[in-house]
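Both complexes shown next keep subunit A, but they swap its partner, so subunit B is in the first and subunit C is in the second.
On to the complex of A and B.
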């Protein structure tokens, strides 16, 4: 899922500026699960903003609403009435949710209250980590199901650099070396052979490097 | 001859090779390069020029290499995958070759996190294996990475670095084998202090017959102090400094530490020279280049052979 993290309160207050009627729109899917922008976080942020503004002697009117998903037209339609009466919308969804609102409500001013950080999973309560860089050309079949693109700090495709130590990456002793993980996994699978094959230069054009991506499926079109 | 470089000639003539290393300045000061070049002249067959080592901005490796050529030294340009994509790398290699650079060391590159621009974007369009393959194909197949033909191809004697001490060892040997398959001609190892462990690694290398396919140069470096020895032992990935070496450095006291560091370096050279399959040494004395002549002299490796 998409993992995000709420922006610092001061940055959010600066975005709101002098506005005094805002809507905080959460999202009930990924960012709710990673506790960055679900309905609970929406109400916490609303209280924090109210308190800060009261302290400044500039009270603010805040509406709260958290659709199940902020990245699909039918779900954001329910925000219509609240957006109409607000002069600013603070989106607590990922960057996709923010842009869905911008596209659906071109007259609204929408600001992001969350930093969208990565595609990952909750490893344990309170810990999230990255698993996929959406490179558009998955190689997990060759690497024992462990992604070299985002789990190796250098996105190496042919094995570890010389910087790994005790299974940790050269950038941080807290970070597992992705290639150590791949090696261990391939060993268990009895597929160490995979490591001897040279992976040719990757075609990055299926990723962000190829420009904005779009999938069009004629078979699915109405 | 693949490149016709002096290093290639020395190695293919079966002579024990000596390479040294020159760290370009963190400035546009040509004098620094010329001074270091003067010191190293005549005591190494070729000199590595680092490419923004540890991700700190320094004078370009290729530009510095060209300056060395003008002073009559043979450079080994270094190229990392961190800062350039395949377009920039190939372009720089065409230029390097046109400037007379004949040796190229292909590296992954240190992550920028610990350099002086930790907020920069990294590239890693290719990894070191793919880089080696690309440079070899440019030379032997006369093609760019995309497959297009090159009219006048860059001809490099291709090298890589390898760490015999990083874990897991079987994976490290496999990585060397992969670099050999990708197309290297020589390899320079991480600094050797633990000769015993290095000898074991060489055994594995010989078992795979890799010493017959590429020239292996053992990395060596003089220690300046006990502190440096401890720092390397604890903080430099893939570095193995045995207690015996630390004890030797401690025993002589502060005043004679540098001298002992040089002695240890010479001892290591003499020992690795006897290991089957070791084709030369790579003396790394970054920011201490002035001791290289003394080390090479004491190891009995002077004068350097001249091959026409």
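On to the complex of A and C.
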């Protein structure tokens, strides 16, 4: 899922500026699960903003609404009436949600209240870590299901660099060496010979280097 | 102004510690500030961050009375809420509200003396701090 983190409140207050009627729109999917922008976080942010503005002697009126998803037209349509009566919309969704609102409501001023951080999973309650770089050309079949793009700090594709020590990455002794994880996993699977196969230079045009990406499925179009 | 100011306090009381202590304080006539809004909760762990924030929006201070550490009926409820209080403290610092307005206290189920004394001290500290600047206009 998409992992995010609320921006510092002062940064959010600076975005709101002098506006005194805002809508905080959460998202009930990824950012709700990673506790950055679900309905609970919307309420906490609303409360913090109200108190900050009361402290400045500039009370603010805040509406709250959290659709199940903020990245699909059908779900953001339910925000219509609230957006109409708001000066500003603070989106607590990922960057996709923010842009969905901007495209659906071009007349609205929409600001992000969450930093979209990475694609990952909850390792345990309260701990999230990156698992996928969305490179558009998955190699997990060759690496025992462990992604070298995000688990290796240098995104190496043909084994580790020389900096790892005791299975830990040279960037931080708390970070596992991605290639050590891959080696251990392939050993368990009895597929260590995968490591002898050379991966050619990766075609990064399917990733961020290829410009904005788009998928069109003619069979699914209406 | 501070002399006339009467802090409005919300006290979340775990029914296994804070609440029996509050009852004992009343029965034993241990004096604590009038007008404290006591809210019964099944475990201090049930207090969510938003409950604390909303209570603070409506008042001047929030106290959470929980079981002693390692004595939580639900094992870790008190520790989880202690972490929530730390989280709220960071938010309050970000918005310029004194973090001392939110306090967590650990006590035994029959400690009416400590309950009353703690609230008296908390009340005095809030009185010294003055009204909560983030509170809603009445």
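To be clear about the criterion, the second predicted complex is superposed on the first by the 222 of 222 C-alpha atoms of A that agree within 3 Å, B and C clash if a C-alpha of one lies under 4 Å from a C-alpha of the other, contacts with A are read in each partner's own complex, and residues count from 1 in each chain.
Methods note: contacts are C-beta pairs under 8 Å (C-beta built on N, C-alpha and C of every residue); 3 or more make two chains touch, one makes a residue touch a chain.
The shown structure was predicted, so the numbers you read here are calculated from the model rather than taken from an experiment.
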Simultaneous placement of subunit C and subunit B on subunit A, clash or fit: fit
Touched partner set for A:165, first subunit B, second subunit C, both or neither: first
First (subunit B), second (subunit C), both or neither touched by A:154: first
Which of subunit B and subunit C A:190 touches, first, second, both or neither: neither
Superposed model, subunit A: greater residue contact from subunit B or subunit C: B
Which of subunit B and subunit C A:106 touches, first, second, both or neither: neither
Partner chain in contact with A:212 - subunit B first, subunit C second, else both or neither: neither
Distance in angstrom between the closest Cα atoms of subunit C and subunit B, superposition on A: 25
For the subunit A and subunit C complex, residues of the former touching the latter: 8-10, 13, 40, 43-44, 47-48, 50-52, 54-55, 59
Residues of subunit A that touch subunit B when the two form their complex: 153-167, 170-172, 180, 183, 192, 195-196, 198-202, 204
In the complex, subunit B residues that touch subunit A: 81-82, 86, 108-111, 113-114, 122, 124-130, 133-134, 145, 161-163, 166-168, 171, 174-175, 177-178, 181-182, 190, 237-238
For the subunit C and subunit A complex, residues of the former touching the latter: 48-50, 53-54, 56-57, 91, 94-97, 132-137
